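Following this line, the structures themselves.
Here chain A shows up in two complexes: once beside chain B, once beside chain C.
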Partner chain A sequence: CCVVSSCFRAGEEEQQAQSKKALKKQQKEAEKAAKKAEKQAKLVSVRQETPVVFDVFSLRLCLSLSWIEADRPLVRVQDLTPEKAEQQIWVRARIHTSRAKGKQCFLVLRHQQFTVQALLAVGDRASKQMVKFAANLTKESIIDVEAVVKKVEQKIESCSQQDVELHVERIFVISQSEARLPLQLEDAVRPEGEGDEVRKVDLIIINLHRNLNTTTSQAIFRLQSGICQLFRDTLINKGFVEIQTPKIISAASEGGANVFTVSYFKTSAYLAQSPQLYKQMCICADFDKVFCVGPVFRAEDSNTHRHLTEFVGLDIEMAFNYHYHEVMDSITDTMVQIFKGLCDRFQTEIQTVNKQYPSEPFKFLEPTLRLEYKEAVAMLKAAGVEMGDEEDLSTPNEKLLGRLVKEKYDTDFYVLDKYPLAVRPFYTMPDPNNPKYSNSYDMFMRGEEILSGAQRIHDAQLLTERAMHHSIDLEKIKAYIDSFRYGAPPHAGGGIGLERVTMLYLGLHNVRQTSMFPRDPKRLTP
Partner chain B sequence: CCVVSSCFRAGEEEQQAQSKKALKKQQKEAEKAAKKAEKQAKLVSVRQETPVVFDVFSLRLCLSLSWIEADRPLVRVQDLTPEKAEQQIWVRARIHTSRAKGKQCFLVLRHQQFTVQALLAVGDRASKQMVKFAANLTKESIIDVEAVVKKVEQKIESCSQQDVELHVERIFVISQSEARLPLQLEDAVRPEGEGDEVRKVDLIIINLHRNLNTTTSQAIFRLQSGICQLFRDTLINKGFVEIQTPKIISAASEGGANVFTVSYFKTSAYLAQSPQLYKQMCICADFDKVFCVGPVFRAEDSNTHRHLTEFVGLDIEMAFNYHYHEVMDSITDTMVQIFKGLCDRFQTEIQTVNKQYPSEPFKFLEPTLRLEYKEAVAMLKAAGVEMGDEEDLSTPNEKLLGRLVKEKYDTDFYVLDKYPLAVRPFYTMPDPNNPKYSNSYDMFMRGEEILSGAQRIHDAQLLTERAMHHSIDLEKIKAYIDSFRYGAPPHAGGGIGLERVTMLYLGLHNVRQTSMFPRDPKRLTP
Partner chain C sequence: MPMYKVKPVSPGDIKIDLPTCMYKLPNTHAQGMNCGEHALQNGEVDPALKALEERQDEVLRRLYELKATVDGLAKTVTTPDADLDASTLSRGPAESVFRGTADLDSLLGKDLGALRDIVINANPAHPPLSLLVLHALLCQRYQVLSSVHVHSSVSVVPPPLLSCLGPRHIDSYARQRFQLGFTLIWKDVSKLQMKFNTQSMCPIEGEANVARFLFRLLSAEPQDPLAATQMDCWIDTAVFQLAEVGSKEHAAVLRSLNSALGCSPWLLGQEFSLADIVCACCVLRAGQTTSAAANIQRWLKSCQNLGHFDCVNPLLQ
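Let's turn to the complex of A and B:
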C-alpha cells in the first residue's frame, strides 16, 4: 500500500510538473509576443514621432539609444560596393564634407579609412525642408542614413568607394558636432610639403584626438596594433611566456639619472626606466624565455624626432644553452616575422600612409644581416669618417652607416654585434675572446637604432667587479646583484621601442606620429 | 682586335675568377676544418683540464659560455620518459635536493614544474672525489649533467618524472648558488594549513623572486600569460584594435582623489588611474572597438586581500549600434572564451596549483547569466539582508550574493546589470526607462567583482549636467567633456583586473599570489 501510494504520488507530481511546464511555456511565449509587439510599436513610434530628425537635445534620454533593440543592420562604408546596388540599407557614418547645390545636397560620408558620396534631392522621397536640414548639418556629426545604393557611371575619384553612391531617404542624427572644428581633417592629411608644415605639425599634435580620425592615423595605429600582435604571436610560438613587470619601483635601476620620481604614500618611488631587472628575475626563476609589452619611462630632456619620455617597450629575455647568438637570432627572426606579417596583412594601411608620406618599401634579408662593430667602423672610415675603434656611434654616423649598408647589402634591417665594452652598461658580458669588446648588439631599421641588447652578467662576483669599475654605488644595486646569488642561467635579451619600429617601418620622420598620445619634455596632454 | 682582346681578357678574368673561387673554396674548407678541430680541441680541453667541474670562479671568462658553439643538444627534464631509456644525454637543471648515502649520491634535478631523480655511484664511471663533489654542490645551483637514462622498476613518487632516473657520468657547474637560501622551496609549496601560515605568506612575499621558482608560481604565471593571450586573441577576432594609452597624465581623471603624483621636469603630473579617457578618445576617432592591456595605478590606502596599488588592466571600449547590451555581451563572451581556453590548454597548470591550494573547478554558463540589480537586492533580502534598493553592495553582500547565485544557477560567473545611478560615476549613462537606474554593470567571479563597466555619456551637454550634479569642478574635466563636442558614437566599455581574474579562476585567496611583483601601500620591492 505504501509503495503504491508513493508511486501514485510520484506520478501525480510528474503530471503536475508537466502541466506547470506547459503553462510556463505558454506564458513565456505570450510574454515574448507581447514584448515583440511592444518593441515594434516603439520603433514605429520613434520613426513617426521624430519625422526625419532624431533631435538630440529635446529627446535627451533617447541619446542613450539603449532602449531600441533595433533589428535594422548597419552596413559599413567599406562594404558599399556595386554588389549592393538597388538595395535599401542603413549606414552610420560621419559627415566628412557637405555641399548644397540648388535642390540637391551632396554629402561625403566617412567611416574610418573609407568614404562614400551621398545625395539628397528634393522630390518624392525628400522634402525641401529635409534637404535644407541636411545641408545645415555640421561636419563631423555622426548620422544614420537610410538610402538606396546606386551604381555610378563615372568613378567618384574623391571617395574610397568609387563605384556607388547613396540616394538618401532618411537621416537620423546620432551625435551632433559643434560647428567650429579645431582642425580641418583635409588639412591634416595633405601630403608633406604642401602648406605651412610647421603650423600643420603643431596643429596635428595639439589636436591629436581629432587627428586620430584621419585616414593616415587610422592606418598607422592599426598597423601598430599589428606589430604588437605579430611580436607576441611569434614569441608565444617560440615558447615564450608573457610577464607583467611593475612600473613603480623603489630604487632607480641604473644609478638614478633620468628617472621620474613618484610620491608613494609617505615615501617616494621611481618610474621604471626598463623592465630589465624583472625580466632577469624571471630568468633566474627558470622561466627560460619571457617577454613583456608595456610603458617605459625616461626623464631625459631630449627634444628630438625620436625621443619620448614615455614609450612602449617590447622586451625580450631568454636563457640560452651555449651562445648568446641563440638569443640574438631569436630576436632577429622575430623582427623578420613582424616585417613579413605587416607586408602580408597591412598593405591597405601601408598604402594609405604612403599617400600622405611617400617612402620606399621596407627591405630586409633572411637570415638577417649581421655585422661586427669592427666592420662597421671600417666601413665608416672607408667613407671618410674619422673615429676611434672603441668610440660609440654618433647619430649622424648611425644614419650614414645605414646608407652604406643599404648600398652594399640592400637591406633596411641589420644587427651590429660585439660593441666595445667601454660604451655599454656595467651589466654587459665582456667578450671572452677580446676583453675590449662585449657580447652585445644593437639592431637598426633605416639607419636608426630600434633595439639595444646584450648577454647579461649572471654571476654576482663578476657583476660586482664590473659595477665597481663603472664607479656605481654598490649599495644602490644590491638587490640587483643579489638576484644572481642563487643560481642563474646564462641569458641575454633586449628592448625594442614600438613607436620607433612603426615610424621606421613606414618611413615616417617623427616618433610623435606613431604615438597616439605622445609625451615629451614639453608635452603632457591630451 | 679590341673586341677579341676584350673577349680574351674577359675570359682570362673569368678563368682567374674561377681559379680564385676554387682557391677560396679550398681555403674556406681548410679554415672550417681547422676551426672545427680547434673547437673540438677546446671542448675536449675543457673536459680534460677541468676534470669534472667547470670552475666558475677560476675560469671567469668561460662564464659567458658564448665561446662554445656546442653541438650537444640539451634534453628538457619534462621530456625524460621511458622512450629515452638507455640513451646518453645532456640535461641542464637545478639541484632541487641532494642526499649522500655511502658511496652514492641521490640528486633531484628540477626545471620549471618538472623534477627527475639522478644517481651518482662510485664505480667505473664516477670517482670517489666526484661523488663527494656532487654531494657538496649547493642546492639551487644550475648544472649540466651527462647521463644515461634508466627505466626504474618502482615509480619514483616524489618526482614528476616517475618512470626513469639518470645515471650521471659527468657534471659541469653552470651557475653556483650560495649555500644559505633565503627560503626553502619545499616550505613555499606546502599545502595550506600545514605549518605557520602567517610566516609562510610573509616569507613568500619577501622572497618573491625565489618563490617565483616554485612549481605553483610557475603554473600561476603561465596561466596568467594564457589569460592575456586569450583576451587579446578573442578581441582581435572580434575586430578590435589594440591601443597604447599614456600612463603619465596632466590631470587626474576623476577629480584628483587616490592618484599618485609624479615630478615631471619643472612641473608635476599624475599616474593614470584608468585608460578610460583615452579609450573613449579612440572611440570618438571612430576606431569602433579598442582594447588595451597595461598598468593601472591607484593610490588607495587599502590593505586587503584584493587591492593592489598597481595592477594590470584589461580594458575594452566599443561603439555599439543600438543597445549597450551589444557591448556587455561582447565582454561576457570574451570572458567565456578565456575560461574555455584555460580549461582546454592549462590543465597541467590548474592541477599543479590545486595541489597546494585545492579549490572547486570554475563553473560558468553559456550564455552568461545576467541578473538585474533589482533581482540581486531581492535575493539578498530574501536571505535576510537588510538593505535599500539603491544602496551599493558591500563586500560581504557581494560574496553572499555569489553564494546565492551559485546555489540557484550553478555558476561562478555572472553579470549584474542596471546599477542604481546614484552609486556610479558621473559619466555613466542613465537608464532611459528609469532615471533611478543606469546602463551600467559589474561582472563577478566566485562572488568577487572583476569588472566594472557602463555605457558612457557621449553628449557634452548631458555630461556637464551630470558632473555638476556630482559637484565636480568642471574646469578640471574640461578636456574630457570637450572630447565629445565633435560627434561621438554611443559606446560602452569596462576594465578587468588581470590579477583578480587569475586569483578567482584558480580559487586563490590573495591577489599578491597572482602578481609577480605586487605593489601595495606597504610594499614597493622587489
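Let's turn to the complex of A and C:
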C-alpha cells in the first residue's frame, strides 16, 4: 500500500510536472503569440510608413519593379566613403560573398569594380530569421539594402572601400541568381598559372556573360571605351570629320584571299576588309581630314593571340601640304594624347587590371621616336639576326626589335619609317629618293605592330602601273582608280585595331581578353 | 664402416701444374733484340731530350726576367716619383683643339648603316649645360641630327628645355643623311645617363663622364698626359666641389680658379678645352657671377664670346 501511495504521489507529482510542462508550453505559446502580435504591429507600422514595402526582408519584391516611382536615392558602392558615416542610405549591389557565423552574417556587396563589407547582426533591428535569410541568399543575387554607414578602425583589406562598412537594417532581393554558377567568380579573377592559358580563355569566353561582370573585365572595357573616346576627341580637336563607310562592298580592297563573301540578292558581295577605298574617296571629295570607327572583317585563318576575324578599326586619312610626315606626326601625336589621357583618367582601371595581370606600365616619348627601316635592319644585324635589306620583318624579329628599342630609348611605342617597296600593297607611294623604298610606316606597341600606314598614290597613271606590276586585275579596281582622275590631293593615313591597342597598352597577352564578344576562325558565339 | 662406396673416378695423385704468372710479356731486355733505341744508355743524351731541357731553361729564364720587371714596377708604383723624372717629360705643342679631323669609324666602330644615335637621359630639374655646349661644338664638326623628347615619366617640361638643341634641321626627315644622332630625352632619372651601343657598351652615367665621351668625338683631347690629367682634375673639381653655392669648398674652388686664370687666358694654358666648358657651366649654374672675382668674370666673358655658350643662356634665367 506504500507503493500505491507513492505511485499516487508520483502520479500527483507527475500531474504537477505535467501541469508544469503544460504551463511552460503555454508560456512559450503565449510568448510566440506575443511576438507574432508584435511583429504584426511592426508590420502595420512599417506598412503605414511606406505603404509599398511588405516586409523587413523579402524575396522577389516584384518582378518588374516598375509599379512604384520611389524617390528613394540609391548610393553607389564606390561612393561609400567615411564622409557618409552615420548616414542611413540605400544601396543596390550584388552579393559577392556571404558568410554566416552564429548570430552574425557578413556580406560583401559588389557593384562593378567596387566592393564593400556589410554586417547583419541579430539585434533590435534584425531578427534571427532575417540573418538566416541573408545567409541563405545565393551569390550574385542583386539586392537592395538599407543600412547605416559606419567607420572602421582597421582597414578592410579585402574590399575596395576599405574605410567603411554597412550595418544592414533592411534587405530586399531584386533579382535572384541560380545557386550553381557556371564559372566561379574567384576562378575567373585569379591570376593565370602556366599551361592554364588556352583552357582558361575558352572557359571564360563560354561563360562570357558571367565573366563580363568581374572587376577586371569591367576595368578593361571601361579603358577600351576611353580609348575610343580619346581617339574621337583628339581628332575632332585637330579638325577631323568622322565618316561612316559601308561594310558590304562589291570588290575586295586588300586582296582576294582574306575576304568574307555574303550572298547579296542574286549576286554575292564582300564584307569590307578596311575602309581604305572610302576614306580616300572622301579625301578626293576635299574633306581633308577624316576618320572612321567601325568593324573590319578579315577572313584570315590565323589562330594567334593577336588576330580576330572581326575587330573594331579606328582609321585615319589626311591630305597633307608638302610631306607625308605631316600625317605621320599627326597620327603619332593622336596616339600620344590617347596614352596621356588613359594615364590621367583611367588609373583605377589600370591598377585593377594589373592586380590580376601584372605588367610594366606603358612608356612612351613625346614627340614619338621615329626610326628608319635601314636602322632597324642594322640594329637587328648587330644583334645577330640574319636578314636581307629588303626583307619584311617577321614577328619574332619585330619583337626583338621592340626589345632593342626599349633598351636603348626606354619607350614602348615607336614608328618605323621607310619600309621597302616590295613588301607593301600596290597603292603605296614609292620613295622619290630611293625607288627600292616607300613612303610607308608601321607603328609598334610593346614590340607588336598596331598600325600599318603609308602615303597613297594619288595619280591614276602611277596607280595603274603599280597595280599591273602586282598583277592585279584592273577591272576589279576600276572604280578605285577612277576616283583619282579628277584631281586628288596628296594624302596618307593608317588604321589601328581597338582590341589590339587595348591589349598592348595593358600588357595583356591575348586579344580575346580585350574583345567583348571575340570572333575567330573557331568562335561564332556568343 | 662406410655405407656406400663409390669407385674413384680419377686417381687422386695427379700432379697439376698451377701457373704462377698471370700475363706474360716478351722480355725487352733479352739479348739479341734491336738495341738501336738504347744506344744512349752509355751516358750520351738524346738530342730530343736535350732540346726539351733547353726549352725548359729558356722558359724559366724568361719567367725570372718577368718577375724582375714586375718587382721593379711594383717598386715604382708604391714609391711616388721613384723612376719618373717630370722634367724629362716632353711638353709637346698642345694639340690645337677643335681643329683635328676625326674619323668616326675609328672612334665609334664600323658604320652598319644605322644612324649612330647617342641617347642621353637627363632630369629636367638638372639640365646638363656642358653637354649642350658640346652639342653645339659637335654640330660644327659633323652633321648631327638632334632631337628632344619628353619621356612619359615626366609630366611637364618648361619650354626652354624643349628647344635647347636649337631649331629642327631642314633635312631631319631623312635620318640617313646624318653622321651622328644626338637624342636628348627628359626623363625622371636620378643620374644623367648616356646610351650608345647597347649591344657592346654599358650606359655611361654622370654629366662629367658623358662630357668626356663627347669631347673625345671632337678629337681634341690634349695629347700630353700632363695636360690631360690637369683637365680631368679640373673637371672633377668642378663637378664635385662647385655643386653647393655658399659652401667653403665652393669658395675655395673659386679662389683656385681665379688664381689659375690669372696666369693664362684658359685653365689649361693657351687653349680652350673641356675643363673650361665644364667649369664655366658649373659656375654659371651656381649663379652669382656678377660678384665673382675679376679673372673669373673675364674668363666667362671670353667663353661667351666664343659663341658656344649661346644655347646655355636661355636656360640660366
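As a working rule, the second predicted complex is superposed on the first by the 457 of 526 C-alpha atoms of A that agree within 3 Å, B and C clash if a C-alpha of one lies under 4 Å from a C-alpha of the other, contacts with A are read in each partner's own complex, and residues count from 1 in each chain.
In the analysis below, contacts are C-beta pairs under 8 Å (C-beta built on N, C-alpha and C of every residue); 3 or more make two chains touch, one makes a residue touch a chain.
Source: prediction; values computed, not measured.
Of the two partner chains placed around the shared chain by superposition, chain B is the only one that A:241 touches, whereas chain C remains out of contact. Once the two complexes are overlaid on the shared chain, A:433 sits against chain B and chain C alike. Of the two partner chains, chain C is the only one touched by A:409; chain B is not.
In the superposition on chain A, contact of A:325 is made with both chain B and chain C. When both complexes are overlaid on chain A, the residue A:422 reaches neither chain B nor chain C. Of the two partner chains placed around the shared chain by superposition, chain C is the only one that A:372 touches, whereas chain B remains out of contact. Applying the stated contact rule after C-alpha superposition, one finds that A:468 touches neither chain B nor chain C.
Looking at the shared chain after the overlay, A:225 reaches chain B, while chain C stays out of its contact range. Number of chain A residues touched is higher for B, counting chain B against chain C. Look at A:387: by the touch rule set out above, it reaches neither chain B nor chain C. With the contact threshold set out at the top, residues 323, 325, 433 of chain A are in contact with chain B in one structure and with chain C in the other. If you check the complex, the residues on chain C that touch chain A are 112-115, 117, 119, 121, 147, 149-153, 173-176, 183, 185, 187, 195, 197-199. On chain A, the positions that touch chain C within their shared complex are 323, 325, 339-340, 343, 362-367, 369-372, 374-379, 381-383, 404, 407-411, 433. Chain contact summary for the complex, chain B toward chain A: residues 56-57, 60-70, 74, 92, 94, 110-112, 140-142, 174-178, 181-182, 209-210, 212-213, 217-218, 221-222, 224-225, 228-229, 232, 236, 241-251, 260-265, 267, 269, 271, 277-278, 281-282, 284-288, 293-295, 297, 299, 301, 309-310, 312, 320-325, 429-433, 435, 439, 455, 457-459, 461-462, 479, 483-490, 498, 515-517, 519, 521, 524-526.
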